[in-house]
Amino acid sequence: MFVSVTGTTAPGIDPTRIRADFPIFGRQVHGQELAYLDSASTSQKPQAMLDAMTGFYSTSNANVHRGVYTLGIESTDAFEAARDAVAQLINAPSRREVIFTRNTTEAINLVAKTVGAERCGPGDVIVSTVLEHHANLVPWQVLAQQTGATLRFLDVDDQGNLQLDELDEIAASGNVRIVAVTHQSNTLGVRPPVEALVRWARTQGALVVLDAAQTVPNRPVDVQALDVDFLAFSGHKTLAPTGIGVLWGREEILAATQPFLTGGEMIRSVALDRTSWNTLPWKFEAGTPAYAEAVGLHAAIDYLQAVGLDAIDAHEHAITEYALGRLGEVPGLGIVGPPDAASRGGVVSFVLDDVHPHDIAEILDRHAVCVRAGHHCTQPLMQRLGHSATVRASFYLYTTTDEVDRLAAGLHDVRKVMGV
Amino acid sequence: MDDELYRENLMDHYRHPRNHGTLEHPDCEAEGKNPLCGDEVEIDVEVADGKIAAIRFSGNGCAVSQAATSMLTELVEGLPVEEAAALPSQAIIDELGIPLSAMRVKCAVLGLGTLKVALHRGAGTPLPAEWGADDDELVWG
Amino acid sequence: MFVSVTGTTAPGIDPTRIRADFPIFGRQVHGQELAYLDSASTSQKPQAMLDAMTGFYSTSNANVHRGVYTLGIESTDAFEAARDAVAQLINAPSRREVIFTRNTTEAINLVAKTVGAERCGPGDVIVSTVLEHHANLVPWQVLAQQTGATLRFLDVDDQGNLQLDELDEIAASGNVRIVAVTHQSNTLGVRPPVEALVRWARTQGALVVLDAAQTVPNRPVDVQALDVDFLAFSGHKTLAPTGIGVLWGREEILAATQPFLTGGEMIRSVALDRTSWNTLPWKFEAGTPAYAEAVGLHAAIDYLQAVGLDAIDAHEHAITEYALGRLGEVPGLGIVGPPDAASRGGVVSFVLDDVHPHDIAEILDRHAVCVRAGHHCTQPLMQRLGHSATVRASFYLYTTTDEVDRLAAGLHDVRKVMGV
Amino acid sequence: MDDELYRENLMDHYRHPRNHGTLEHPDCEAEGKNPLCGDEVEIDVEVADGKIAAIRFSGNGCAVSQAATSMLTELVEGLPVEEAAALPSQAIIDELGIPLSAMRVKCAVLGLGTLKVALHRGAGTPLPAEWGADDDELVWG
């Protein structure tokens, strides 16, 4: 194996050394070190990122794009350098295509409420999947209701593998305008066949919106290789602060689209009766942006690239394989989603006999093991798979096999406490 | 591990729920749901002489929600309806006797809220404002 | 005078001591200490606020409203405690009325695109003023275009005082639905007669949207006493981080209004064909919120309240009076806006002969004096007053008379360099 | 104060702009605007034998924008049109000889951009992509 999963030896990632960069791992819960297995929900933050933000506030803070004085210039430069870092991270053809939002959710709403609203109407079809996080589902539901377009969902099999057999029927049912799909399910870790879907969307003349909230954090993502039209992700899942996300979109589409929010920054000139818009990317960034968070995102990207996104991907794969093995030893435990580590990310959902996931998560917390319990903002998927809730453990560059061992040990204790 | 959280009494109610099931001829009934967790309970009540003559519940969800509802049925059986309808949340939290986070409090009071909805429906009195649809994350049906 | 403006003696604010709490004032520009006179654009940050955010990330960070584990509970509690602090700051009747946004701009857009879109149509009238920041002007322009409503602007006199003489004519012209007005002009510092406007709006059955970006930071603001329907402000102008703002709105209106952005957090339940919304305030907060920024905002509010908003208001008033005096000594300098300190905030706009404001700001920067030059996101106001740009100096709790003196000295140098 | 920023040469051009005014019979003309700052310039050009025979400008704005345009007119007078149309931004920045922030660079190149728009219009050639409307904060009319 390329990556050490014992947490101590080269080559690849040594999560134990990485953990030393994250101050929260100095924290104890119930007298024990943290086993933080909820990175699919949000990531922890390296000191370097926190220092970058604090340092920025302490030396260069001023509003961006406005001041002609030194601080204002430094602040603007730092903000725009973060945009360059994002463009480079996802291999965007142009920095003008990188729009800062609050999070993935706002990024997808922005597309739905601008490009989507302009392009959809009765007779048109929007395609999504039952795998989606609510963020890539509800905005399309609302768009369909508001425009009269039809919303169709691709189904999954019982392990959550996306089914493409309805594509022909969907194509025959109307003009497919938008295909909105996740790059990786936040609940199951499964990665749908995005390439095939993109090829099909191209034959339909449809735009593809890729929800990359679960993949930009942990492996190389290249918008040009993916050949999608829009891509969204959240800073807080990529070691960066809350309050910042990214929408990447093709320049020719964004340039031809009316703005979303309006106000300062995004205008060229304003008269009482008429306003003209700024150029890209600022046309889509109304008001004072989260510029200090952008500085934090830049530092987070630097950190991720210094570790190496290929290495992070390999580490997550290895840890997931290890976790599937350890969880397989817990009697009564059922994996929800694909049973193997192939073509999946660092996320494992499971149930344990008829013990309620909340009880499991709460008992695990007594072991300082942090996992999520619930529907993971994917209620339609849960319903499709016949669960009201699951427990989810998710991994990242700082996850050790020791944490996985503690999860497994905790689950044995859950069985004891709950008497199963 | 510190298993204060799941005390024996709680686990006993969870594994052996009291007053579990339904009533043939309930005078009032309601169901409650905590959509965030997926906890559900249904409560049937028979009233006689202004008192809760019989009560049964069914449902599924976490140990806290189900044990709390089981305990609740024992608490209110025989009580005057008004008294049961005025039972404070703290009563049931005390009965559970474990530390509860804000999120788990919702699990704990689901049964109580559902009972109150049932009793108010039976009496034809309006629900107190704090049990209204827009005031809490729990949903009544 | 209640407040010392010499910066050293009691009672009131001692800005010199306050500055010690702000790490950026340790920074030098061109070998000189900062004279930061651009707080109307954004505020500097106290160490206590930075520490609160870093401390939060280092001990309790987890996604909010989701985890049943200890970190998740702490994180949620911290986020919701920030909401309570905001509610208390502006005397909101209920915490359910406090919605976190990115900034003032998003808050106003939210109102325009939900309540505004639901309530406006042909024959309806939206009233705004030529004083407004673009953030409280362009969204109403767009709303008028999209709904067929008419947008009317109240004019100002040559000093920027709002004129109410057209109200009767406007009332006769249609159903007045919305009155959007600033609590204080960010360009002139002038405070329009909001009370009179609110009384008039009540007679029209119109909703009042108050842009309080320039007032929440520096004096007590009470939504109940103001009797408005919506109020917006930005964290970054109130000592808090970028990336967070607040919309306060009346509960009965918000409860009856469809949501804005959709996705996680703001739903109650999602099925493929139908979604129901969460209760207030979360119905209007889609996706992972800027929860760490909320923690920062909470710390900023604590700091402001420890100093005292009445004292800050008095200090700004005193400094403004002092500045108007010193600027009056500069030959060729013309104040744009009211010439006196009565009923205005800590903002002074001016021009200097025919020297371009950008040249002024750039030369002042060589003295480490930070001022803004331009239209200050109020192009219609500039046009109305006959200026293409002004220089703006703005003050806050950390502003000293020494900084004002350095501004004045810098302006004498500008005259020399530019040969006027 | 360190007045490197506003060197004598720059201030001289600002106070005494060269080639200021308009032409009676320009072969081509254009105006440029920097909406963020409010800087404006108008440029008239007479072409003879493929060379810039005469050039005049007017406008208002900051010292950098006006001085840079004044310097530009001296730089290009007599130059072949193609050569002037190919003049790099750096040429004018060097001519100013002062440190410029990104924001001030826009002021500095406003005149040059406007001249290029005029020359391309006169020659009937399309504007190079980098001078297109959506590619820069400057606006041409």
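Going by the order they are written in, the chains are A, B, C and D; count residues from 1 in each one.
Throughout what follows, a contact is a pair of C-beta atoms (placed from the backbone, for glycine too) under 8 Å apart; a residue touches a chain by one contact, two chains touch by 3 or more.
Quick caveat: nothing in here was measured; it's all calculated off a predicted structure.
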item: Approximate Å spacing (C-alpha centroids) for the pair chain A, chain D; value: 47
item: Centre-to-centre distance between chain C and chain A (centres being mean Cα positions), rounded to whole Å; value: 32
item: Chain centre separation (chain A, chain B; CA means) in Å; value: 38
item: Residues of chain D whose C-beta touches two or more other chains; value: 104
item: Multi-chain contact residues (two or more partners), chain A; value: 30, 68, 269, 358, 362, 373-374
item: Pairwise touch network: line, ring, star, complete, or other; value: other
item: Chain pairs in mutual contact under the definition given at the outset; value: A-B, A-C, A-D, B-C, C-D
item: List of chain C residues in touch with chain D within their complex; value: 30, 356-359, 362-363, 366-367, 374-375, 388-389, 413, 417-419
item: Chain A-touching residues of chain C, taken from the complex the two chains share; value: 23-24, 26-27, 29-30, 34, 36, 38, 41-42, 44-45, 50, 53-54, 57-59, 61-63, 66-72, 102-106, 108-109, 130, 133-139, 141-142, 153, 234, 236, 241-245, 261-265, 267, 269-275, 286-293, 358, 361-362, 364-365, 368-374, 377, 379-380, 383
item: Touching residues on chain A, where the partner in the complex is chain D; value: 68, 73, 76-77, 255, 268-269, 278-280
item: Complex contacts: residues of chain D adjacent to chain A; value: 35, 101-104, 134-137, 139
item: Complex interface listing, chain B residues touching chain A; value: 1-3, 5-6, 11, 15, 36-39, 60-64, 104, 107
